[in-house]
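What follows is chain A paired twice: with chain B in the first complex and chain C in the second.
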Partner chain A sequence: MSVPASVASVFRGRVLATAGTCWLLVVGIAAVGAPLLAPFDPLEFDPFVRLSEPGWPHLLGTDHFGRDSLSRAIYGARMAILIGSGSVLIALVAGGLIGMLSAYFVRLGHFLMRVVDVLMAFPALLLALVLMTLLDRSVLNTIIVIGIVYATTTARILFGMTLKLKRDVFVDAAICSGAGHASILFRHILPNLVSPMLVQASFIFAFAQLQAAALDFLGLGLPPEVPSWGNMLSEERVYVTRAPWLLIFPGALIILSVFSMNLVGDALRDNIDPRFKDDIAGV
Partner chain B sequence: MVLLDIRDLDLSIARGGELLPVVQGISFTVEENETLGIVGESGCGKSLTALAIMGLLEGSAVRIAGGSIHFQGRNLLALAPVERRRVMGERMAMIFQEPMTSLNPVYRIGDQIGEAILQHRRMSRKQVHERVLELLDLVRIPDPERLIDSFPHQMSGGQRQRVMIAMALACDPKLLIADEPTTALDVTVQKDVLELMHSLQTRTGMSIVLISHDLAVIAETCDKVAVMYRGRIVEHAATSALFSNMSHPYTLGLLGSIPAHDQDVEWLDAIPGRVPTLDELISGCAFHPRCFAAKDSCRTVDPVAAAVAPAHFVRCHFPQGNST
Partner chain C sequence: MLVYALNRTLTLVPTLLAASFLVFMFIHLIPGDPASILLGDAATPEEVAELSRELGLDEPLWTQYALWLANVLQGDLGTSVFFREPVLSVIASGAETSILLATMTMLWIVLFGVPIGIVSAIRQGSWVDQATSGGAMLFASVPTFWLGLYLILIFSVGLGWFPSSGFPSLADEGGASNLRYLVLPSLTLAAPNAALIIRLIRASMLDVSREDHVRTARAKGLHPARVAIKHIFRNALIAVSAAFGFTFAALVSEAVVTETVFSLPGIGRLVVQSILRRDYPVIQGVILIIVVFYMVINLLVDLAYASLDPRVSLK
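Coming up: the complex of A and B.
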C-alpha cells in the first residue's frame, strides 16, 4: 500500500478524527504563521480600547491592557504546540527509558519503579505545582515539569509492555542469533513499543495543554506576559461578568484542541499497529 | 569429530527456598553432520536442556547446578557473555516450537533475517539483501522477492517456520537446535519442514539436535535418539538399534501410543498416568508407578544406565528388548 493511500485509510469513515485533524492543522498553521496572521502585536498595550467588545478592528475584543485577543490567541497556539511537543518529548524519552530499562534489568527496576510509584502517588497537578514552586516561571521549566509528570505514567505503561515483550519467543530468538542487551532493547523490543508510545504521545500532548493552562491559571506556569491560552484565562478571569468573551474564547480553544488531540490519538491507536491491518501477502 | 559434548548436566529450579532438580545427570554427544533426537513427554526436561545449551536460562528460575557443555572443545558455561554471544547465531542457532510468536511482529521478515546476519557479519545493505534472498530461496519460500517485504502476520505458519529456519541459518551455524519445530504445524507441512531441514543438513554439513515428543518424527530424521523421562535419559542408542531393540518400558510405551493406520484398534496402548510433578518424591525408579514391568526392586532401587548392546544404554532393572 502506498503511503498516501494508507494515510487516507486512517481517515476513511472517521468523521470526528478527520475534523480533529483539521482543527489541529488550523492550530498548527496559526502557530507557524503567527507573525503574519496576527493583526496586532500581542504584547502591545492600548489603554484607549481596554475590554472592548468583539468587533472591528479587534475581532475578538481586547483585554484589560487593551491587547488584541485574537493576536494573543494566535500566538498562544505557538505556546500550545511548543509545550505539547516539548513535554511529549521529555515524557517519552525519560519515561520510555525508565520503563524499558526497569523491565529489562530487574534489579534496577526494583529501584526505579519505586521512585516512579512515589511520584505517581501525587495527583498530576499537585506534583506539577510542587515542582513549579521550586523553579522559576519560564517556558522551559514549564515544559520540563509537565514532561516529568507524564514521564511517570509513560514509564508505568512501557514497563508493563516491556515485561511482557521480553518473555516473547522472538526475544529468545534474537538472543540465539547473538544479539546483546542494547540490540535486544532498542532493535527488537523498542519497535514493538512505537505504537503504544505514539498513542501515549497524543494523550500527553492533550493533557499537557490542560496542565499548562491550569498552571498558568494558578499563576505558576508561563511568565504572565507570554501569550498563552492559559494566561489569557488567568488574567481576565476577574472580568468574567463585564467581558465574558475574554474567557469563553481561550477556554473554547483549549477544549477544542484537547478534544481533537484525543480523537486523533484514538484513530492512531486503531490504525498504527501492523497487526490490525487486514492485507495478507499472497492474497 | 565431536561437536557438542554434554556431561552430567544438572538443572534445578528454585522454588520456595529449595532447589528442585529438573534435569539430572544428562550426558550425550553430537558428532558433526549428525542428528540427535531427544524424545519424551511434556515436562521431562527436553526443552530446558535445549535452553541450557543456548544460554537462554539466564533470568529464569532455572539454574545450571552442575556438569559441562562443551561446544567445539570449549566449555560454554565458562565463557564470558560477550564470547558466548559470538558463538550464538554464528556457530549455533535455534528454532522454536511456536512459529507464530518467534518472529518479531513489527519487523518485515527481510529485515529480521538481515538483523541476524548483521549481528555477526559486516556487509553492505545490498549484500545483506542478496544474502536474505538466497536464504529465503534456500528454505524454499516461493517468490522471495515479494515476501521479503511482508510482515510475519501476513504469512502462514509453515512459511513462518521456514523464515525462522532461514534466520537460524543466516550465518551457516555448525549446530542447529530445533525445539519441536513441527509440533505447531499441519501434518503435511510438518513433512515439508522436516525434509527441508534434512536437505539443508546434507548441503551445509551442520549437526541438528531435534527435540520432539513424536517418536515417528525422530525415527525418520535422526541418527541417534535419547529418550528422556523426568529429567533423565532413560534410553540412548543409535536410531536403528533403538527401534530394533527397544528396551526401556517407557520407550515401548511411547511407541505404543502412536496410532497405526493399518490396524483397527479400540484403545491405544498409552502409558497410564502422567508425568509426576517436580515435588512428588518417587523412591527407586522414577517410572515405576506407570511401568507395566515394575517389580519390587524398582520401587526401592534407582537403576543406573547400563549397556544392553554396544552403544545402547538403558536405565532400567528389567530391560525389555530381545537381548534379555
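Coming up: the complex of A and C.
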C-alpha cells in the first residue's frame, strides 16, 4: 500500500482522529512560524497593561508582567513540540535498543531487563522528580528526564515484541541465508516494529506534555522565563480568581494537544499488526 | 500456588536491594560532600566530621551501603535538615493524609469507573459508548493541577461547598467531617485514573464476551444483564483487579501534584517541598518508602491475581 493510501486508511471514518491531526498541524505551524505569527515579543514586560482582559491589541490578554499571552502561547507550541519529540526520540532510541538487544541476546537481556525492572520500581513522576533534583532546570534536562522515564516502558514493550518476532520463520530464513546479528536485528526485525513504535511514540508524546506541565507546575521543569504552556499555568495560577482567562487558554491548549495525540495514537493502534495490539496500553 | 507465591516474593528481594542501592546512591550523585549535604548549610565542621565517621565515608562504597542499609532496617532514615526531626517521623506525619486521599480516590474510581466501563462495553459502538470512551480519553488528557484549580474556583470560591486547601487530621476538631477537605483533591486525582479504568474494563469485557462460555450462556437463553454481570464482568474483573492495585500504588506518588494544588500535608507535597528546601535526607527517605510500598503492593496484586486466576501460577 502506498503511503498516502495507508494514511487515508488510518483516518477513514475517524472524524475525531482527523480533527486531532489537523489541530496538531496547527500547533506545528505555530511552532515553526512563531517569530512571524506572534504579535508581540513573548518575553517583553509591559507594566502598564498587567492582567489585561482579552481584547485589542492583546487578543488573549496579558499576564502579571504585562506579557502578551497569545505570543507566549504561540512560542509555547515550540516547547510542546520540542519536549514531545525530544522525549520520544530518547525513549524510542534508548528503550528500543535496550528492548531489542535484550530479547535478541538472552544473556544480556537477563541483566538489562533487571535494570529496567529496578527503574520501573520507581513510579514515573517520582523518577522524574528525583532526576530533576540532580539536574539543573533546563529545556534539555527536562527532555532527557522525561525521555528516560518512558524509555523504561518502551524497553519492556519492545522486549516482548522482539521475543515474538524472533521465533518467526523469516528470522530463521535470515539466519540460514547467513545474515549477521546486526542485519537480522535492524534489517529484518526492526522494520516489523516500526508501526508499533509509531503508536508508542504518539502516546509518549501525549504523556510527555502532561509530565512536562506537571514538572513546570511544581517548579522543577523548564526555567520559569521559558514560554511554555505549563509555565504559563504555573506562573499565573495565583491570579486564577482575578484573571481566570489566563489559565483557560494554556490549559485548553495542553488538553487539546494531548487529546489529539491520544486520538491519533488510538487510530494508529487499530491499524497495526494484531499480534502487538495488546502490548501497547496507551490511555 | 504456594510455590508461585514463594517464587514471586523471592524475586522481589534482588530488585528491592538494587532499588535501595539506587536510593542510597542518590546522596552521592549530588555534587559535594555527602555528610555536609545531609546536615545542611548550618552544620559545624565538627558535626560534619562526626557524621562522616558514622556513615563510614572513608570506607569503600559497599561498606557505606551496608551501614546505611543496616540503619534503614532499624528504622533510622537519618535526620531532616529542615525539621531537625527523624526522617521517619516526618514521613509518618504525612501518611494519614496520603492514605486517606488515596483511599477516597479509589472510592470514586470504583463508584464512577466501574459502572461507566460496564455500560460502555455492553452498549459497544452505541452513542453512549462513544461518548464515554471519548470522555474518558478527554479526562486522561487534562493536567491534574489545572482540573484541581478549576474545581477550587467553582466549588470552593464560587459555590462554597468544599474547603479549598489544607487538611486537619481526623483526630482534630471536626473528626470525620474533616474528610470534606479531601473531596475536591480526591476527585481531581480520580479523574485521569478513572478514565484508565473505564477503558480497561471496557476492553477486558469485550475480550471476555468473545469467549465460548459466554456464547453458551447466551445460547441457554440467560437474560443479557445476567450474562453481562455474572459471566462477562466477573471474569473481566480479574484483569481489572490488577489495575486497581497498580493504580492505588501509583496514587501515592501521583498525589504529588494534587497535594501541592490543595496544600495538603501529605507525603507527595513533602517530596516537592523537600526538593525545593534541599532537605536531602527526607527526599531519600520518602523515595525509599514509596518504592518499597509500590513494590509490595505490586507483589500483593500479583498474588491476588494468581489466586483469582489459577492459570497464572501454572505458567
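As a convention for this text, the second predicted complex is superposed on the first by the 263 of 283 C-alpha atoms of A that agree within 3 Å, B and C clash if a C-alpha of one lies under 4 Å from a C-alpha of the other, contacts with A are read in each partner's own complex, and residues count from 1 in each chain.
The definition used in the following text is that contacts are C-beta pairs under 8 Å (C-beta built on N, C-alpha and C of every residue); 3 or more make two chains touch, one makes a residue touch a chain.
Keep in mind that what you see is a predicted model, and the values were worked out from it rather than measured.
Colleague: Of the two partner chains, chain B (first) and chain C (second), which one does A:194 touch, if any: first, second, both, or neither?
Modeller: A:194: touches chain B, not chain C.
Colleague: If you stack the two complexes on chain A, which partner ends up touching A:177: first (chain B), second (chain C), both, or neither?
Modeller: A:177 contacts chain B only, not chain C.
Colleague: Name the chain, either chain B or chain C, that contacts more residues of chain A.
Modeller: Looking at chain A, the partner in contact with more of its residues is C.
Colleague: Identify the partner contact of A:255: answer first if only chain B is touched, second if only chain C is, both if each is, neither if none is.
Modeller: second
Colleague: Check whether A:206 is in contact with chain B, with chain C, with both or with neither, and answer first, second, both or neither.
Modeller: After superposition on chain A, A:206 lies in contact with chain C alone.
Colleague: Applying the document's definition of touch, where does A:241 land relative to chain B and chain C: first, second, both, or neither?
Modeller: A:241 sits against chain C, while chain B stays out of touch.
Colleague: Where does A:263 make contact in the superposed view: on chain B (first), on chain C (second), on both, or on neither?
Modeller: Second partner only.
Colleague: Enumerate the contact residues on chain A facing chain B in the complex.
Modeller: Touch residues, chain A against chain B: 106, 168-170, 172-180, 183, 187-188, 191-192, 194, 274-275, 279-282.
Colleague: Enumerate the contact residues on chain B facing chain A in the complex.
Modeller: These residues of chain B touch chain A: 54-56, 59, 82, 85-90, 93-94, 96, 98, 101-107, 115-116, 119-120, 146-147, 150-151, 153-155, 164, 167-168, 170.
Colleague: Please output the residues of chain C touching chain A within their complex, sorted ascending.
Modeller: 14-16, 18-19, 22, 26, 29-30, 134, 136-138, 140-146, 149-150, 152-153, 157, 195-196, 199, 249-250, 252-254, 256-257, 260, 271-272, 275-276, 283, 287, 290-291, 294-295
Colleague: Which residues of chain A touch chain C in their complex?
Modeller: Within the complex, chain A contacts chain C at residues 16, 114-115, 117-118, 121-126, 129-130, 132-134, 206, 210, 213-214, 217-220, 230, 233, 237, 240-241, 244, 247, 251, 254-255, 258-259, 262-263, 266, 283.
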